[in-house]
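Structures incoming, each one as structure tokens.
Paired with chain B in one complex and with chain C in the other, chain A is shared by the two complexes that follow.
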Partner chain A sequence: MAGELEGCKPLSGLLSGLAQNAFHGNSSITEELLHSQLYPEVPPEEFRPFLAKMRGILKSIASADMDFNQLEAFLTAQTKKQGGITGEQAAVISKFWKSHKTRIRESLLNQSRWDNGLRGLSWRVDGKSQSRHAAQIHTPAAIVELEFGKSGQESEFLCLEFDEVKLKQVLKRLSEVEESIGTLMQAA
Partner chain B sequence: MEESPFRERVLDAKSEVTCQLVDFQWKLGMAVSSDRCRSLKYPYVAVKLKVADPSGQVNTKSIEMTIPQFQNFYRQFKEIAAVIETV
Partner chain C sequence: MSALGAAAPYLHHPSDSHGGRVSFLGAQPSPEVAAVAPLMRDLDRSTFRKLLKLVVGALHGKDCREAVQQLGASANLSEERLAVLLAGTHTLLQQALRRPPASLKPEAFQDQLQELGIPQDMIEDLTSLALGSQRPLLDAVVQQQGSWLPHLSDFRWRVDVAISTSAQSRSLQPSVLMQLKLTDGSAHRFEVPVAKFQELRYSVALVLKEMAELEKKCERKLQD
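Let's look at the complex of A and B:
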């Protein structure tokens, strides 16, 4: 039966399922589902610790946001451990992390954001024309609609009006942010 | 590669009222670690917008964005400023 677990074809699927559940919040991917779909011949009492081991390895890799050198060192250590993984399994895990790392990291970042996240921005510019009784001549205005929301919640919308003066003020603030980012990136 | 690009589309005004921006605060933060990920290393821009609706009522909204999202946000505002000058 151990040979069944060592086979690598279903391991890739298992890692996908684990990632869906652990990082992307898909609770429909259960242990039972993974077992019946990927390792139906393996008795549950053998499958359970195997799943836990793979889950632990994947979580360690994701938590440390391992680069490829760290990954190789980590997986090599796992192959040398008592009750660790095989060289073939290490190769499957390595391949999986390389192709899913960005998506998993993005999910982890989203989970750590508890405030509103920006989801959309749309805008138009209106040219206000003179009306018969109003004093203003031609004051163009920009209408900006921001879409934002908390993770997993519906979007909120905010509609803002800016004249040229206001826009300049905002741009000044935004350029301060950009300068700050530049400083941060240099220091990194 | 654009990381989480946010939607850019023709303004369709889902919000019912148009507000004025009263104040704009910003901060550049770095999320270092969390219970789910010990190595986050995630820089982000958070803006706090104080807005007044037509009745004069003031509200505050906080919005967070990634660095690429901020750069897109800034680019959009520069574009708006360029267009408004030509009107």
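Let's look at the complex of A and C:
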């Protein structure tokens, strides 16, 4: 029976399912589902600890946001442990993390974002020509639509109008932000 | 019967009598403007100036109800006459201010007012408003009235770096927090992830470039 668990084909599927449940908030991927779909021949009392072990490993990797060096070191240590993982299993986990790291990291970051986040931006430039009050206005106006939303909630939209002067001021501020980020990340 | 029929009076182009320039009052003066001229003839200049001041206040968006009542009482004007005077002067000024100063030539403007039957000294007062030193201030007010969407009145930002969170023991992700205050009084606070921030910065720069190009095109095409 242990041989069943050591087989690597279903492991990739298991890791995907675990990630869905643990990181992406998909509660429909249950232990029972994973068991019946991926390891139907394995008795539940053996499957459960195996699942817990894999879940623990994946969570450690995600929580520490391991880079590839750290990952290799960590997985090697796991293969040397008593009741750890096999070499092939380590390889599957490594491959999984490399391809899913960005998505998982994004989901985890979102779990710590509680305010409205900027989701998108659309814009349009109008050439104002006439209004009820003025026959000729040569000024262009920019209309910007900002899309915000809190994690898991529907978007809100905000429409603003800018003239050139205001928009230049905004761009200047954004450049200051950019500089600030650059300085911070250099120091980090 | 002429083939033009009922449309004939409206097809008389005032520009025929003004050397090719359309009157600032349009093809035909509106009824309130046509009605005001005879009443102006009965006003003394100081009352007219008070009236003008009131109308300018109204154009600035001020509440003029009390001032109107005071004017009616002090000048001994009936409500009806006062109403016609206010409506006519307001429309006249509004139409004059719609035109950019460059396309409103003083002689043509005064000729058009004379044709309406407005007394000369009042023509001078109207000209100094529409083409004088007060004009830029009135234009600024009008510009503001032309927009309906809110504008940005204040923009603050902060860069935070999350060192550790309940989901990630080691995070080190920078995030930009922005607070916008708008002219309609509302305030909006939101977080901008770094990738989105780059998109925002790029979009703003692109919009500015488009605006500059549009302005160049407009200047070339829309000259009077």
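Assume the second predicted complex is superposed on the first by the 179 of 188 C-alpha atoms of A that agree within 3 Å, B and C clash if a C-alpha of one lies under 4 Å from a C-alpha of the other, contacts with A are read in each partner's own complex, and residues count from 1 in each chain.
One rule holds in what follows: a residue touches a chain if its C-beta (ideal position, glycine included) is under 8 Å from a C-beta of that chain, and two chains touch if they have at least 3 such contacts.
All values reported here derive from a predicted model rather than from experimental measurement.
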Three-chain arrangement built on chain A, chain B and chain C clash or fit:
clash
Applying the touch criterion given at the start, work out whether A:Leu118 contacts chain B, chain C, both or neither, answering first, second, both or neither.
both
Is A:Ile143 touching the first partner chain B, the second partner chain C, both, or neither of them?
both
In the superposed arrangement, does A:Ala52 touch chain B (first), chain C (second), both or neither?
neither
Touching partner for A:Ala77 - first (chain B), second (chain C), both, neither
neither
Touched partner set for A:Leu33, first chain B, second chain C, both or neither:
neither
Given the touch rule stated above, what does A:Phe157 touch, chain B (first), chain C (second), both, or neither?
first
Chain B clashes with which stretch of chain C: 38-46, 110-118 or 164-172?
164-172
Residues on chain A lying within both footprints (that of chain B and that of chain C):
62-65, 108-109, 111-113, 115-119, 121, 123, 125, 127, 140-144, 148, 158-162, 164, 166-171, 173-178, 180-181, 184
Complex contact set, residues of chain B against chain A
3-4, 6-21, 24, 26, 28, 30-31, 34, 36-46, 49, 51, 61-67, 69-74, 76-78, 80-81, 83-85, 87
Where on chain C does chain A make contact in their complex?
94, 97-100, 103, 139, 142-143, 145-147, 149-152, 155, 157, 159, 161-162, 165-178, 180, 182, 188-194, 196-197, 199-201, 203-205, 207-208, 210-212, 214-215, 217-219, 222, 224
Write out the stretch or stretches of chain A touching chain B in their complex.
62-65, 106, 108-109, 111-113, 115-125, 127, 140-148, 156-162, 164, 166-171, 173-178, 180-181, 184
Using the touch rule from the top, collect the residues of chain A that touch chain C in their complex.
62-65, 105, 108-109, 111-113, 115-119, 121, 123, 125, 127-129, 131-144, 148, 158-164, 166-171, 173-178, 180-181, 184-185, 188
